[in-house]
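Since the structure comes first, as structure tokens, the remarks are kept for the end.
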Amino acid sequence: MDASACRFSSATNDSPRRPPRPRWSTPACATGASAAASSTRWPRSSSCNNSWIPTDRLHKALGLTQPLGAIDVSFYRDDFGSKGLHPQPQRTDVPFVVEGADVIIVDDVLYTGRTTRAAINELFDYGRPARVDLAVLVDRGGRELPIAARYCALTLPEPLPARQNLQLECDPSGALTLRLIDA
Amino acid sequence: MRNPQLNKHGELQHLLTIDGLPREILTAILDTAAPFTEVAEREVKKLPLLRGKSIFNLFFENSTRTRTTFEIAAKRLSADVVNLNVSTSSTAKGESLLDTVDNLCAMQADMFVVRHAASGAPFLIAQHLETAGRDHIHVVNAGDGRHAHPTQGLLDMYTIRHYKRDFSQLTVAIVGDVLHSRVARSQIGALLTLGVPEVRVIGPRTLLPAEVEKLGVRVFHDIRAGLKDVDVVMMLRLQNERMNGALLPTPQEFFKVWGLTAEKLALARPDAIVMHPGPMNRGVEIDSAVADGAQAVILPQVTFGIAVRMAVMSMLAGQQGGNK
Amino acid sequence: MRIRIANGRVIDPANGLDATRDVYLADGKIAALGHAPDGFAAERVIDASGLVVCPGLIDLAARLREPGFEYRATLESEMDAAMAGGVTSLAIPPDTDPVLDEPGLVEMLCYRAKKLNRAHVYPVGALTIGLAGQRLSEMAELVEAGCVAFSQANVPIVDNSVLMRAMQYAATFGFRVWLQPLAPFLSRGGVAHDGEIATRLGLPGIPVAAETVALFTYIQLARVTGARLHITRLSSAEGLALVEEARAAGLDVTCDVSINHLHLCDSDIGYFDSNCHLVPPLRSQSDRDALRQALADGRIEALCSDHTPIDDDGKLTPFSESEPGATGLELLLPLTLKWAEQARLPLVQALARVTSASARIVGITKAGHLAHGARADLCLFDPGAHTTVSREQLRSQGKNTPFLGMELPGRVHYTLVEGQVMHELG
């Protein structure tokens, strides 16, 4: 399959199934920063400071009232012992109450699952969520941990080899593409 | 001679002094400290970064304050902290510094945070570890004699950056007992490396070290002239316990001439910030009104200090001693 | 033994000689230079082609650590070092334990050294009992026991009236007083030259004033008492200027500088290298340059090693807690040669600083030169061979040298004392 480009549409009828709303809390949304793990770089939204475009669109599309959060997993990675501290850790921002919340973690590419594991650990340091779901644009295969995305726009039929990566890009019109590059 | 703080790849292996560290490393430490500041605001004030690592606080000079901040920083990184109280340890019984270090290495130490009354002690330890091939053990200087207190210098820089953003337009004054101050030496080094165009030292001749102007600072004895139009005022503690041999008549006279009062502070820029490494001698180097006033950022310094120390420990522990 | 040293380049600074000559030794003395004496039958011929043949070096300060500091070094180990370094006579400072203030002790030391039959020792006696600066030592008896002069080593006398009396008493006999210019209170607590380097490193400083104030005092007292002075281990340009002034005013003042201050300055402390912790401290580059110039033109007469062996325990500590001093007996010749090379000085001039000039200061007439009848103390060395200074290569028990790792010229092939070969390479 030609996985060199993949358009992600943010139209509401294409959006992932809306998660069920529990009676007593509104779902919140958090994005995962996967920059370090899969070397994709999120294009920043000019309208929303520090927000990643896919998450921003998802947040709007779902009509969520709780503010958007951002998790930087640099301090929770499992490869600190071999690779050391990531050179440019960013701030983690969780501007909502995690205790009892329904949370969606959004990431661009799901690969080994280690970034998601780190993000979940970090989230749990803020409180005990009622539910955590994972939404990703692409599942490239190659899982090393028992992690699964409940919402996934594209699952590659063959896992990508380790020497290749998927890079998310945004063109001036706001269209997002995923480009296949060498790692 | 290679700077013993850097390993053969030019990465930070130990933090011993600001002197000789390139600007990029100082900036990287400040950048890394930023995300650590918000850990203190969380419910769970812990990160798993140094879990399983043993950090030994080797304090040969008494200091509850500094030791506590290092302890808090280490524990927030999930490290195991051991405090070595020298007055009751075998060192007081005559064991040499290096023998003490060797014993602790045998107990699987990963990092030493060292405070010592003699300048250069952490360098001796770092060189000893290198000779013994112990690349995975890191040394953080928590203050050696009059020489250096690099984490204090760094947290002071972080504080300045937080309030003033751009180092390249600032005039900074350091006031007081520069002669005995390791903090001052680290501050001067950091300010100049980060590109501060004018660094002033203000004090009586007896409290300014020989040829201090060769460090790159402007010397003032008159505090009013020295504080004029300054953006940052960094007060130093009058080191009573270090003072012997007729350096000053009395703390009262010191306060009259060089103590920071609101009246003298008014000569600086209206948005100037006032800093102090603590603990303060109120009424000696600084007036209570100023210490508690709007321009003082002394308490934020303490908060930033924990984040900076967390950043330093994480960056060092992330080095693999040249095996990367 | 009758020895002929053939084909060597004979350098005898005392007589201004630098030429290829044969040297003939008999009965422990120089029998002749150039042509064999009548009826001379050599029992041994040493081929000195490619080697310099000069008088054995005379070191004005070498601590052999006996009595009292045998865990640091012994007469045996240090005599070995002396022989390996071509040093055939050495003056010993009085700061042994007990101090050399007792005639019996001095006799013992001389006896022990004589029995070892290596270098000649010239003890410098303590000026005051225990070096405590209160009571005079028995100077006449000490000279009889073998002392050649009197000094306080690195322990300055605090009470100037005692210093004055001590000088007066010594002047009674014409004994020379060797003094280290170090004002006690100005130098107290300091470990490094009070300048930019000490400021950067946060090390307590010893200002130049500690040297000049002391020098001024000694010179004034010498003027008043008529004492002959030898100023040891000059460290500063200003101190040097004071000595020159005194000399110009007619005072009998000689002085020396150590190999450490000749080659190093305060920036060599680097990252707190305690091998650079010395008394007096290493001073600035301009001080060093002034000392180098003065040694070259003879305003400073002699160069010495200031040999002070210290064990690792004394040096593997933070700088200010370490014991001051450096080993250097074996490095006297190489460092003299290195300096000569750098200063573009002819060897005959450079070697004077460690042979004829030192001899004059100690008062040795029979050695330090190669005239007929002189004691056959000789050093034969290859000026072109280089050695790297290392712990393994040093024979002294003290490995504490700031010159570790440096490549220095001059390898000693033979050392002779009173006509006997005491050291031989290979």
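Letters are used for the chains, namely A, B and C, taken in the order the chains are written, and counting of residues starts over at 1 for each.
Simple rule for what comes next: a contact is a pair of C-beta atoms (placed from the backbone, for glycine too) under 8 Å apart; a residue touches a chain by one contact, two chains touch by 3 or more.
Please read these numbers as outputs of a predicted model, since none were measured by experiment.
Peer 1: If I drop chain B from the contact graph, what connected components are left?
Peer 2: Connectivity check, chain B excluded: A | C.
Peer 1: Based on the averaged CA atom positions, which chain is farthest from chain A?
Peer 2: The most distant chain relative to chain A turns out to be C.
Peer 1: Could you put a whole-Å number on the gap between the CA centroids of chain A and chain B?
Peer 2: Those two chain centres are 39 Å apart.
Peer 1: State, to the nearest whole Å, the distance from the C-alpha centre of chain A to the C-alpha centre of chain C.
Peer 2: 76
Peer 1: Can you compute the centre-to-centre distance for chain B and chain C, using the mean CA position of each chain? Integer Å is fine.
Peer 2: Taking the mean C-alpha position of each chain, the two centres sit 44 Å apart.
Peer 1: For chain C, jot down the residues that touch at least 2 other chains.
Peer 2: Residues: none.
Peer 1: Residues of chain B touching chain A in their complex?
Peer 2: Touch residues, chain B against chain A: 28, 31-32, 34-35, 38, 42-44, 46-49, 314-315, 317-320, 324.
Peer 1: Which of the residues in chain A come into contact with chain B in the complex?
Peer 2: 72, 74-76, 80, 82-85, 87-93, 121, 125-127
Peer 1: Enumerate the contact residues on chain B facing chain C in the complex.
Peer 2: Interface residues on chain B, with respect to chain C: 1, 3-4, 19, 96-98, 116, 118-121, 123-124, 127-128, 144-148, 182, 185, 209-212, 214-215, 245.
Peer 1: Within the complex, which stretch of chain C touches chain B?
Peer 2: 188-189, 194-196, 198-205, 207, 270-272, 313, 316-321
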